[in-house]
Every structure is written in C-alpha cells, then in structure tokens.
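Chain IDs A, B, C, D, E and F follow the sequence of writing; residue 1 opens each chain.
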Amino acid sequence: MSETTGSLADFNAFRAQMNDLVLGKGNLTINRFFALDSRAYEPGALGTKTKEMLGLVASMVLRCDDCITYHVVQCAEQGVTDEEFMDVFGVGLVVGGSIVIPHLRRAMARLEEVRAQEPAGRSKQ
Amino acid sequence: MSETTGSLADFNAFRAQMNDLVLGKGNLTINRFFALDSRAYEPGALGTKTKEMLGLVASMVLRCDDCITYHVVQCAEQGVTDEEFMDVFGVGLVVGGSIVIPHLRRAMARLEEVRAQEPAGRSKQ
Amino acid sequence: MSETTGSLADFNAFRAQMNDLVLGKGNLTINRFFALDSRAYEPGALGTKTKEMLGLVASMVLRCDDCITYHVVQCAEQGVTDEEFMDVFGVGLVVGGSIVIPHLRRAMARLEEVRAQEPAGRSKQ
Amino acid sequence: MSETTGSLADFNAFRAQMNDLVLGKGNLTINRFFALDSRAYEPGALGTKTKEMLGLVASMVLRCDDCITYHVVQCAEQGVTDEEFMDVFGVGLVVGGSIVIPHLRRAMARLEEVRAQEPAGRSKQ
Amino acid sequence: MSETTGSLADFNAFRAQMNDLVLGKGNLTINRFFALDSRAYEPGALGTKTKEMLGLVASMVLRCDDCITYHVVQCAEQGVTDEEFMDVFGVGLVVGGSIVIPHLRRAMARLEEVRAQEPAGRSKQ
Amino acid sequence: MSETTGSLADFNAFRAQMNDLVLGKGNLTINRFFALDSRAYEPGALGTKTKEMLGLVASMVLRCDDCITYHVVQCAEQGVTDEEFMDVFGVGLVVGGSIVIPHLRRAMARLEEVRAQEPAGRSKQ
C-alpha cells in the first residue's frame, strides 16, 4: 500500500490513483486545499524554481519522503543542478539535524533515479 | 520488518506479535502506558466514536501511518461514515498542511481496505 | 510582540491587528488559505462543535499555544463542557505524551479565563 | 499567563497551581498519566540521573522550554556537572539541528539560574 | 528570560550574551556546530539570499519564532522585498498548515520592526 | 528504495552506498556535518554508552525508524542490556506519547534481530 518503497513510477501511479479517490469524495475543504497547494508554486515575486526549492527544504526538515520525492522531481524539471540540490540539502541538514540524514539518503536515491530518466545532458544545465 | 507496506492483516499480525514481545519484557512504565492508552478511548463525557475521531486527527497531523491505520479501523467500527471521515481528514489537512497529503492518501487506501472487508451496507450507515 | 503571555484580550487584539496586516499584503495564496481555514470548521457531516474539538486536539499534540487558545474559545462558544474539555485534553495527552503537559497547563489557564468571562451558568451547560 | 518568561520561582508557582487545577478535575486518564510521568524517572535498570538526562535530551529535540527547565532542575539535583550538561546539549543539538539553538540558549540561562541558587560548590561535584 | 517577547534589540542582546556563555564552555561538538551553522549560508551554487530564504521557510514550518526572527533580519539584509517575503511565507503556510499562522503573525510583526529600522527606501529595493 | 522494510543487512548496505554517494558530491557543509555527527558520540564527560542511549531516546521521540535502528545497533555494541533498553524506551514513550508506539514495536523487532546476530551470551551482559 505504501508509496515509499517503490520506484518513481510506482509513486506516481499510487499518487494519481489516490488523489482521484480523495478528490472524488467531493469534500470542499479538501478539494480547495489541493487546488491551493498547486497554485502556491506558480511564479509570483519569486519564480517557480525558487519556490520549489523552498518546498523541498520544508519537506526535508519536516521529514516527509513522499513530499521530498515530489519536490525533487519538480526541482529537476525547473533545472536545479546537482550542486544546487546539495546546497538545499545542506541547509535542510543543518537546520533539521542528523534526524534528517535518512531522508537525505533517500532524496539522493530519488535524485539518481530522476537523473537516470532525463534526456542526456539535462543534469548539466 | 515494517508495518507500513503490507495489508491490514499484516499490520494486525505484526502489531499483535510485537505488542506481546514488548509487554512480555515486564517494564512497568511501558506496560502501564499501554493500559492507559486503551482506556483513553473508553466512553466518558465524550463517547468512543468522538474520541476515536480525536485520535485519528491527532495521528494525522503528527503523520503516523500506523496510528492512522489503527484509528481508521476503530472509527469504522464505531460507525463513522465516509462523509464524516472526509471531515476529519479535512480538519487534519488544514491544520497540518500539505505535508499531511501523503498520509491522507494512505489513509484513503486503508479506508477502502476496511470498507471492502465490512459486511454489505456497513459504510452506508 | 508575543501573543502567548498576555490576557485573552491582548491575544485577540494582536491577532486582529496582524491578520489585517497579513491579508492587506494581498498575497493570493495566503489570503485563500485564511479563507479556507475559516470554512474548515463550518458544519458538514460533522457539526462545528465536533470539528472545533478536532481542531483543539490537533493544536494540542502539535503544541501550539495560540492555536489552543483560539480553539478553547471556539469550543466554549459551542457549549463544550469542562468534562468534555478534559476528555479532549486526555486524548491529546496520551497521544502526544508528557511534552504536551506545559501546553495542557496553559490550556487550563485559558479555559479558566474564558469561563470567568462567560455569563453565569454558561459552563454548566 | 506564560511559564516561559519568568524566573524559576514563577515557573514553579504556575506549574504547581495549574497541576492542582488539572488534577482536581478528576479525569482518570489525565491523572493516571501524571502518576506515570513521575514514576518513569524512578531508578530501574538505569538510575535516575541517567533517566533525567534522557528526559532532558528528549525535551531538547522536541523543543519544549518548560520541559527543559524541569529536567535541568532535576538533573542538577542528581549531580549532573556542567561538562555533562554540555554533552547532553551537544547530542541534542546534533540530532535536532540548529532549530534547537534558541532552546539551548534558554537552557543555559536556566542552568545559570539553578547554579546561582545552589549551595556553594555544588556545581563542582 | 525569554527571547520571544521583547524587541529586536532585546533578542539580539540575549542571543549574543547566551551564545558567548555557550561557546565559552568549550564543548567541541557544540562549538563546531555553531561554526557549521554560520557557513551553511555562505554563497555556493546558491547565493546567500536564496539560502536565507530556505532557512526562513524551514524555520517557519518547524515553528521556531527566534529562528524566524534571525532569518527575517538576514533576508532583509540580503534585499528580500516584502512581496518576496510573502511568497516565502505562502509556501511555509501551505506546507505547514494553519498551525503556522501564529508564527506568520509574529514574523509579520518582526518584519515591520526590521523595516522601521531600515534607512528610508530600503524595503522598496 | 527504502531502508525501513528490509533486514539489518539491507539497511547497512543502503546506508553505506548512499552515504558514499552523498559524501562524494563534495558539499562542504554536508561533509562537515557528517564528521560532526560521528564525533558527537565519542567519549567526553559522558561515556559513549550514555551518549548512544541519549541518541536512541532522541531518535525515538522524533520518530525516525532508521535513526532508531542505528542507535539500537550502537547501544548493543556498548553493552546496553535488554532491561536498560526497556528503560530508554519507557522514557521515550512517556515523553513522546502513544504516537511513539509503532516505532517502539519496530525498535523491538530490530533489537531481536541484533540479539540473534550476537555471539552467544552477549545479551546477558
């Protein structure tokens, strides 16, 4: 049942299926929250790339693997480089402490997985 | 070793086996805590149904999947309807934020699993 | 500058002043979140009284004094009795542990303050 | 109303007054929890000094100033030296991260206050 | 004793005094952590402005008022505009939920205090 | 991809592989944090055994299964007995509340796994 142990494809499939199930229940509070969650990362005074890095570091210090996975994917799509990812992880590690380390390890594994699926040269941006 | 990835039957089996192991160690503090944890949901000024919903929302904002599973099962036994579950999840989501969403997805999957095991019509209560 | 050390009147004044300042900035994400936060406690499958108790126990296990203050006031307005408050606090304490105790003490002080401001007999409901 | 801004004497007075108020309500779950909380630090396989240091580091990583104050006082009574306090704080800081630093500063201020009230030479133990 | 209720000047004075006291104890783990905490925000693949916004959103979702105060000051020195601050707060609010709101109110009050001390026109950058 | 569901050998293999990957990126903040994390448990005013028990209880109340696994292994190597483990778990449970219970169950399973791999008589120390 879990999202945390499978591949990125498994994660995405479970996420899509369960989001549909949740939204299909028609609870207005929940459905509005999901809409708001999407729009929070749209460009404003800060661009989407910066906002996604904010979402990533927040997910890291709150230690949510699925949230980290989601924002790693989004950050990679925004062109965040490996060196920039490490800077985000570094701030998250210092603020959040060693308790963050297991999530950092899994974030690295996800980043590897994402990079392996990118067209050649993408991570060199 | 984990409880989080298997079926409800796996969860219950691991939970029973490990509770026995823990309680068998005879640590007085731990054993009394387990007894207290059971009695906290017995009817008082508030009934068990309300207390179980309180336990569920607390588990959701603290983001503990196994605790959510436990209280989803207990709430279902107390006759909590799907619409009431969504209201509990909605409060948990607004208070706890988007970091709660992955746990909400897994809570929905558990609820589906629980409903599938109920005698016909139970979820219509 | 703090909201946590003053009277209920101080809390309400600071809260109103700062909410105005925040909302006046016109950030769409933040303003929509505030609107959503209000509507989450409106009656649905569960009534406002139950939803406010859910908000209170969630605030207690997350250990936010100002959130506790807010929901204690709302619960009192919904007719939650002292015995029901203690049941909510009891679930919060067992789920959240002894780390919750200082917040329980301050919640009790707030409840006393709220009761002292109620018309005679209100807490006997 | 707060316990966090005053002297140790203020903290103790508010704590005693509110504990009386809470326990006087006669909620069985809460009253049993308070009793269990006391006995958790009684000597067992580990002595009280070690258990109080465990309570202190747990309070530090969970970032509860009042809990830290309580365990600093208890640890000092158990003869924990300044160097041992710093070792406990060091583990708490590395596990919990920089978010712990403001609580570490207040813990130091409390320790100074406790040492100032001890008979001469106590902190040299 | 608290840092959270006073002015920015009070905060800075207590912070400096207690940091001196902590570092003067000579605990190698703690002193190295403090050094590491400083260097985490130095420019790397990401600039200091971005890193300070990461530190701010992490402090907000972890709900540490003193950490928020520190990063609000640092962000303002890096030229973060009011609109950018609101975007950071918006991401923190959506990720962390309504439990973040009291800290958002205090962050706004700190930002006002910081702006009032800036040379004319600074916040227009 | 997860570390939490496999055997201790799986945990150690993933941990070593990912630590190498992280450290190989050469981010100075992260690499220094890892070094600091190791030295925090070296003997000082408190011995390594006590420090590892502090790390274990901190990991338990912060509810990080991988951190718990790591410190259970280290504590066992330092000669912590089953009775002492239960005392550490008892403090963690009372401080952290019932939300800790699923992690306590997994900690017990890990301890069993560790004991099964020890030379005969080790757990009788």
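Convention: a residue touches a chain if its C-beta (ideal position, glycine included) is under 8 Å from a C-beta of that chain, and two chains touch if they have at least 3 such contacts.
Note that the coordinates shown come from a computational prediction; the quantities given were computed from them, not determined experimentally.
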Chains in simultaneous contact with chain B and chain E: A, C, D, F
Required steps from chain C to chain F (each step between touching chains, minimum): 1
Contact-richer chain pair [A-B vs A-D]: A-B
Centroid spacing, where centroids are CA-atom means, of chain E and chain F in whole angstrom: 32
Chain D and chain F: spacing of chain centres that average the CA atoms, whole Å: 24
Overlap residues in chain A, where contacts from two or more other chains coincide: 4-5, 27, 29, 33, 36-37, 40, 44, 58-59, 61-62, 65, 67, 83, 86-87, 90-91, 93-96, 98-99
Arrangement of touching chains [line / ring / star / complete / other]: complete
Contact set on chain D toward chain E in their complex: 2, 4-7, 63, 65, 82-83, 86-87, 89-91, 93-94, 98-99, 101-102, 104-106, 108-110, 112-113
Interfacial residue positions of chain A with respect to chain B in the complex: 1-5, 14-15, 18-19, 21-22, 25, 27, 29-30, 33-34, 37, 58-59, 62, 64-67
Residue ranges of chain E touching chain A (in the complex, touch as defined): 36-37, 40-41, 44-46, 50-51, 53-55, 57-62, 67, 81, 83-84, 86-88, 90-92, 94-96
Of all residues in chain E, those that touch chain F in their complex: 27-29, 32-33, 36, 39-40, 44
Sites on chain C touched by chain F in the complex: 61, 93-100
